[in-house]
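Next come the structures, one after another.
Shared between the two complexes below is chain A, which has chain B as its partner in the first and chain C in the second.
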Partner chain A sequence: MLLSYLPEILTFAAGLLILFVFSVRRSSFDIITSVSFLTLLVLMVISVSGIVQPDASSRLFASSRFTEFFRIIIFVSLLFTFLFSNRSREISENTAPEYFLMLYLFFVAASFMVMAENLLSLYISMEILSLISYICVSFDFDRARSKEAGLKYAIYGAVASSIMLFGISYMYGTTGSLYYSEIAQKLQETGSLSEPVFLMNILVILMIFGGLFFKLSVFPFYAWSPDVYQGGPTPFVALLSVASKAAAIGALIKVVMIMFAADTNALTNGNIALILGIIAVLTMTLGNLMAINQNNLKRLLAYSSIAHAGYMIMALSAVDDTSVLAVKFYLVAYLVMNLGAFYCVQIVSDRTDSEDIENYYGLSSRNPYLAALFTVFLLSLTGIPPFFGFIGKFYLFAAIIHKGGGWYYALAIIGVINSAISLYYYARIIRAMYLLNGNDEPFVFDSVRKYTIGFLGVLAVLFGVWFSPVLRFVEYFHTVLR
Partner chain B sequence: MLVKILFYIISLGIAGLALFTAMSKNIVRSVFALLGVMIGVACIYGILGSAYLAVIQIMIYVGGIMVLFIFAVMFTSKIEDINITNRSYGWIQALIISLAIFVMFAFIILYYPFEKASMLEHQSVERIGKVISAEYLPFLIAIAVILLVSLVGAITIARPKKE
Partner chain C sequence: MENLLLLIPLLPLLGAIINGTAGYFIQKRFGGKTNGIIATASISFSFLIALYLFFRLLGMEAENRAIILNLYSWISAKTLEVGFELVMDPLSAVMILVVSGVGSLIHLYSIGYMHTDKSQWRYFAYLNLFAFSMLVLVMADNLLLMFVGWEGVGLCSYLLIGFWYQDSDKATAGMKAFITNRVGDFGFLLGLFFLIWGLKNAGADISVVSLSYQALAESADKLSGIEFSGIALLTIVGLLFFVGATGKSAQIPLYVWLPDAMAGPTPVSALIHAATMVTAGVYMIARLNFIYVLSPTALTVVALVGAATALYAATMGFAQTDIKKVLAYSTISQLGFMFAAVGSAAFASGIFHLMTHAFFKACLFLGAGSVIHAMSGEQDIRKMGNLKKRIPVTFYTFLVASLAIAGVPGLSGFFSKDEILYRSFMSAQGFAGIWGYIVFGLLLLAALCTAFYMFRLVFITFYGEEVRSDESVIHHIHESPKSMTSVLIVLAVLSVLGGYIGLPEIFGVHSAFEGFLATVFEKSGSALNLPSSHSAEWIIMFLSTVVAASGIFAAYQIYYKNGYEGARNIRERIKTVHYIVENKYFIDEIYNLIVIEPVKILSYLLSLFDKYVIDGLVNLCGKITVIFANLDGLIDKYVVDGAVNLTAQGIKFAGERMRGLQTGRIQDYVYIMVTGGFLGLVLIRIINYFAGN
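== the complex of A and B ==
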């Protein structure tokens, strides 16, 4: 039974070992990074090698193919984070071992969050994940902004998680259980639709969603993300925008599909879809509209990642198998393009010490390679045809339209309008890089980053035209329930 | 009957002290009012027949968290001179929102058909201990991870910078 948690246990142990070894024996950033990278790579190979079999017997944390998918997503985004944390201006060499321990534990917490089958285990793993995020966001010790970001994040997080905990306590009070499946059963038995029961259920559902929405930076709880993204170290922020959201959406899918699955009862049927749909509309629109005026690229990407969470929630609001598949497919695309965009920003800001759009003027003549790749990622984030993001968005909208009905068509139209809005601010960056003139000194950066980002760029283009392997990969891991 | 009267007195006390915590201009007084709130909550647990929760509440919140609060306040220099207040900032909006939330919860709690739990079933410390160390064992381990993360994080953040 423990064998099914082998990746988490080994990662935990490896993180401690890395902290111990490199605290005793101070080494250079390069060595620590390479050791951590290779260790994690080995762990990832172990976790997909078939030694680790899914185990659904545990009632607190159950692994399945579904959770394995998220494990891989988190593993991959961590590997990229390692490469870009190395020699980052924002992470000091002195604290590298602690930083890598935090990243290893990040995997453990995020993976357990998706595996949770019980509201309390969801809450606890989410708390660990949040705690790690607060700490890592303030890891850029030399700058006050990083500490400010950490503090803001912690305060917002405390509010969101206390709301969630309050909701969980009500859920326990009304259904007498914390297990997803038992709650679903109990909700089904609650036949009578008296007003207090209905109101209570909606309220409790909203409160439980609150904590997950905070991790996803979705409508009521999105305000932290621009400040945190701007202040935190860029490699970690990139991880936050991908892996933390992946874990949250994994947990959300499980909560929605197991606890409030569409046919469970008359009480939640339709209402969950409506709640998610409204939240998605608000999130997409606010994220995109607020991104328009941003001159700081990290803030801009923060708002854009809010909008992307909105697209995913939009698809999820169909609450069926197709939509879950679409969301998972989109996560793969989002991983490639969002990490790529953040790393482009990091490469520039590591040199210029600023993320303002002025630094990107004339980048195409200073470093054509970087400018071209950044353009690819931005166009992919917009959802322009030959790129990976287009296929991802296509599946999201297809899931909505497949479900059919006036509300879903309206949702899809709002989503398309939002994509059009997003083109404006993404294109603004492309214009700055290609059409405006800045200083002309050539811009160089080290080869590890060059190849890594090139790899991401190739994926963003390649999977845009040849996406069947990704689809097969996602379909292989496609089970929602056990 | 006596228990009922006691319950209402304590509840009123908690509400009053909580208001004082939020409204007071002096942070030291706020902290001590919060201490009163915590003790009051422990008393409510006791009245409702959950001795275990009452003890835990006293031990963790009164004994641990509040002492930490008081230390933090006392060690921060000149904190008594700073006027921190909630009153000057958008109290009408705050009142409307809190009233709305209050009415919503009050409505639900008054009318929701809660099942009555038998009190004796849950209060055995022995049973709680067994559940924690068997069914909920992963949570004990998870709490160890939380401690590790917070220790490492606190040390890393608070460590003096090398020149």
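== the complex of A and C ==
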């Protein structure tokens, strides 16, 4: 039984070991990164090798093909994070062992979050993940901005998680259980409800979702993300925007599909779909409109990632198997293009010490390679063929149109309008890089980063035209939730 | 064995990739010769593999002689199931050998010809890419994959015509070729769509459409009854594909691009615009023989257009003074012969002529290249003369090839051309009726003209008193390097001997070439049931010999002594006619007037529409978005901030603590969280209410 949690156990142990070894014997950043990277790579291989068998015997956590998918997503985004944390301007060499320990723990917490089968175990693993995130966001100790971001994040997170905890306690009070499946059963047995009780119940559902929405940075729990993204160390922020959201959406899928599976009982009665749909519309629209006037690229990407979370919630609001598959497919695309975009920003800001759009003027002549790749990522984020993001969005829209019905068509139309709006601010960056003149000094960066973003860029194009392997990968991990 | 098939197109692609990516550095580091060697080696290996497979093919049983490689399922859309399949059957084997064989020779020749060019890497990358596309075209086992190659060769042709793109005339010629070809491609695509429509929806009851030749041949009969608005579907399909062929193979009315295409480097003219790409249309019609034999109307149109082109283009050869242009019109004319052949349901004869033509026309073009090379880039034949002694190898190979194209007995062109004349004559007694005789007559005249204009070229260029050019040019005249002349010799030998694999039956042998191709065309032979007559064949053979001899004799009379000036009297007498012919019947001007100018005007009007109407709408949308965003910003600034300021008093203590971090906005965020949550709740209730819960 323990064997099924082997990746988490080994990662935890390896993190501590790395902290110990490198605290005793201070080494250079490169070495710490290489060791951490290779260790995690080995762990990832172990976790997909077949030694780790799914286990559904425990009641608090359960691993399955479904959770394995999220394990892989988090593993992969961590691997990229290692490569880009190395020699980052924002992370000092002295604190590197601690930082890498935090990243190892990040994996453990995020993975448990997806595996949770009980509201309380979900809450606890989420809380651990949050604590790690608060610490990592303020890891750039020398900067007030980073500390400020960490503190804001902590306060905001505290409020969000207490709201969630309150929701959970209310749910426990009415159904007498914390297990997803048991709550689902109890909800089925609920008779018709009076208006105030009904409203209260909707509010409780919103509150329980609140914690997950906070992690996903979805309306109305989005406000922390621009400040935190701007202040935090870029490599970690990139991780936050992908892995943390992946874990949250994994947990959200389980909550929605197991706890509110039927969605026909007196309490929810189609309201889960409605809640998710409304949240999705507000999130996309807000994220995209706010991004329009941003001049700081990290803030802009923060709003853009809010919008992308909105697209995923939109598809999820169909609450069926197709939409879950589409969301998972989109996560893979989102991983490739969002990490790529963040790393492009990091490469420029590590050199110029600023993320303002002025630094990107004339980048196409200073470093055509970087400019071209950034363009690929931005166009992919917009969802323009032949890039990966287009296929991802295609599946999202296909999922809700497949579900059908006036409400879903309206959702799809709003989603498409939002995509169109997003082109405006993405294209603004491309315009800055290609059409505006800046200073002409050539721009170089080290080869590890060069090959890494090159690799992501190749994936963003390759999977845009040849996406069947990705589809097969996602389908392979798409069996049952438990 | 099947897998070897893949290597044939893959090797040139590899060469193209190497030269396309690293070629610049290779040229800088090792010199352009290395680029040439890489390209030549890759296509030569293709040729060797093709040769090996060809012998394996010969060893197979005649009934199922084909090597098929099904690589993977390319397009799979419910009832459309198209594979990425390559095939080597007798027909494609001939094409593969011609393309890779003549291709190898021309690659080799190019090393010498292009040795001073600055971007040889680009040239060889394009040339290899062309070889790859052309091989895909001829090796594809279905129409869709053939179309990939079809477009690919079009692209490479465009790239190579405009190879010296700094010269705007040459770049324009490239565009002209590309656009004219697009018109044809449109026909090809439409034909394809009609075919799919017919197979799928018009009652043919094919469960899965694969578009492979085998499957099409089997289901062609089912299509024969189908009509589309009163016309037989197969006629429509056949004619539309023929439109595609007229574009690629430069037939009336889409031939105009080919003379201009001579702007490219001469080896390119030889390979693409004489030996291989332009014959793609003939190959396609031969491929689709099972469709054409079911539509005599389409066949007759093909034959008529081919024969008309053959004569028409041959007459234009009379008045040209540019050595390459003469050869270009000659190519158009010879392609007309091929179309007349396939249009007379003599598919094997068409392919036979395609092959012999590849030999002697490549030889002529490369010979012309050698002449131009010797003359320091001069292409005007009026400035040449008496080159016979100065560049003997070029002269003798050129002469042999000219004799072959003129149809002098014993050389390859004689056998293949004679075969076409005979078959068109016989078709008149079968399905074509009176039209068959017209085709035959046009072809006979065209053969006469061919002999005349070719020897006009030979006498003006190589004979006469002295070179009519500057002293410096004359001083510089020299025979081309070995890498070029050796290619000429090989091609000249092939021009002589190439015909003997297809000797007609009246010599008491069975035509090896026709027998080899018979399996591919077995259906067509039986479907039309054409008669044969040995006496007719003897007579026609005699006729064509007389025609060739009189053409050559006429040219000798007029041009042998005085070169171009020898014809001055005649020119004076038919001034108007000569003026018209010299200006290519003003077809370019007419096209310009009735097609290009109206399109320009239309595009100008559309640009106005775009500028004022579309842009206006787009700007309006943009404005609205910006307004909304500003509105959002205002709300954020005044409404939210205002509310925050009210509540700020209540949490002043927290605010005091936050001031150290220079912002007090966190409460703002929490406020949004809480109010947003309630806003969500209200929205849900409202929508829920209207949804009827």
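Keep this in mind: the second predicted complex is superposed on the first by the 475 of 482 C-alpha atoms of A that agree within 3 Å, B and C clash if a C-alpha of one lies under 4 Å from a C-alpha of the other, contacts with A are read in each partner's own complex, and residues count from 1 in each chain.
The rule we apply is simple: a contact is a pair of C-beta atoms (placed from the backbone, for glycine too) under 8 Å apart; a residue touches a chain by one contact, two chains touch by 3 or more.
Keep in mind the model is a prediction, meaning the values are calculated, not measured.
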Which superposed partner A:P54 touches (first chain B, second chain C, both, neither): neither
Contacts of A:G454 with chain B and chain C, given as first, second, both or neither: neither
First, second, both or neither for A:L120, with chain B first and chain C second: first
Contacts of A:A160 with chain B and chain C, given as first, second, both or neither: second
Which of chain B and chain C A:N293 touches, first, second, both or neither: second
First (chain B), second (chain C), both or neither touched by A:I135: first
Partner chain in contact with A:F219 - chain B first, chain C second, else both or neither: second
Which of chain B and chain C A:L203 touches, first, second, both or neither: both
First (chain B), second (chain C), both or neither touched by A:G438: neither
On chain A, positions contacted by chain B and by chain C: 199, 203
Residue ranges of chain C touching chain A (in the complex, touch as defined): 622, 625-626, 628-629, 632-633, 661-663, 665-666, 668-670, 672-677, 679-681, 683-685, 687-688, 691, 693
In the complex, chain B residues that touch chain A: 104, 107-108, 111-115, 136, 138-139, 142-143, 145-146, 148-150, 152-153, 155-157, 161-162
Footprint of chain C on chain A - complex, ascending: 144, 147-148, 151-152, 155-156, 159-160, 163, 199, 202-203, 206-207, 210, 219-221, 223-224, 227, 269-271, 274-275, 278-279, 282, 286, 289-290, 292-293, 421, 424
Interfacial residue positions of chain A with respect to chain B in the complex: 12, 19, 60-61, 94-95, 98, 101-102, 105, 108-109, 112, 120-121, 124-125, 127-128, 131-132, 134-135, 138-139, 141, 150, 173-174, 176, 194-197, 199-200, 203
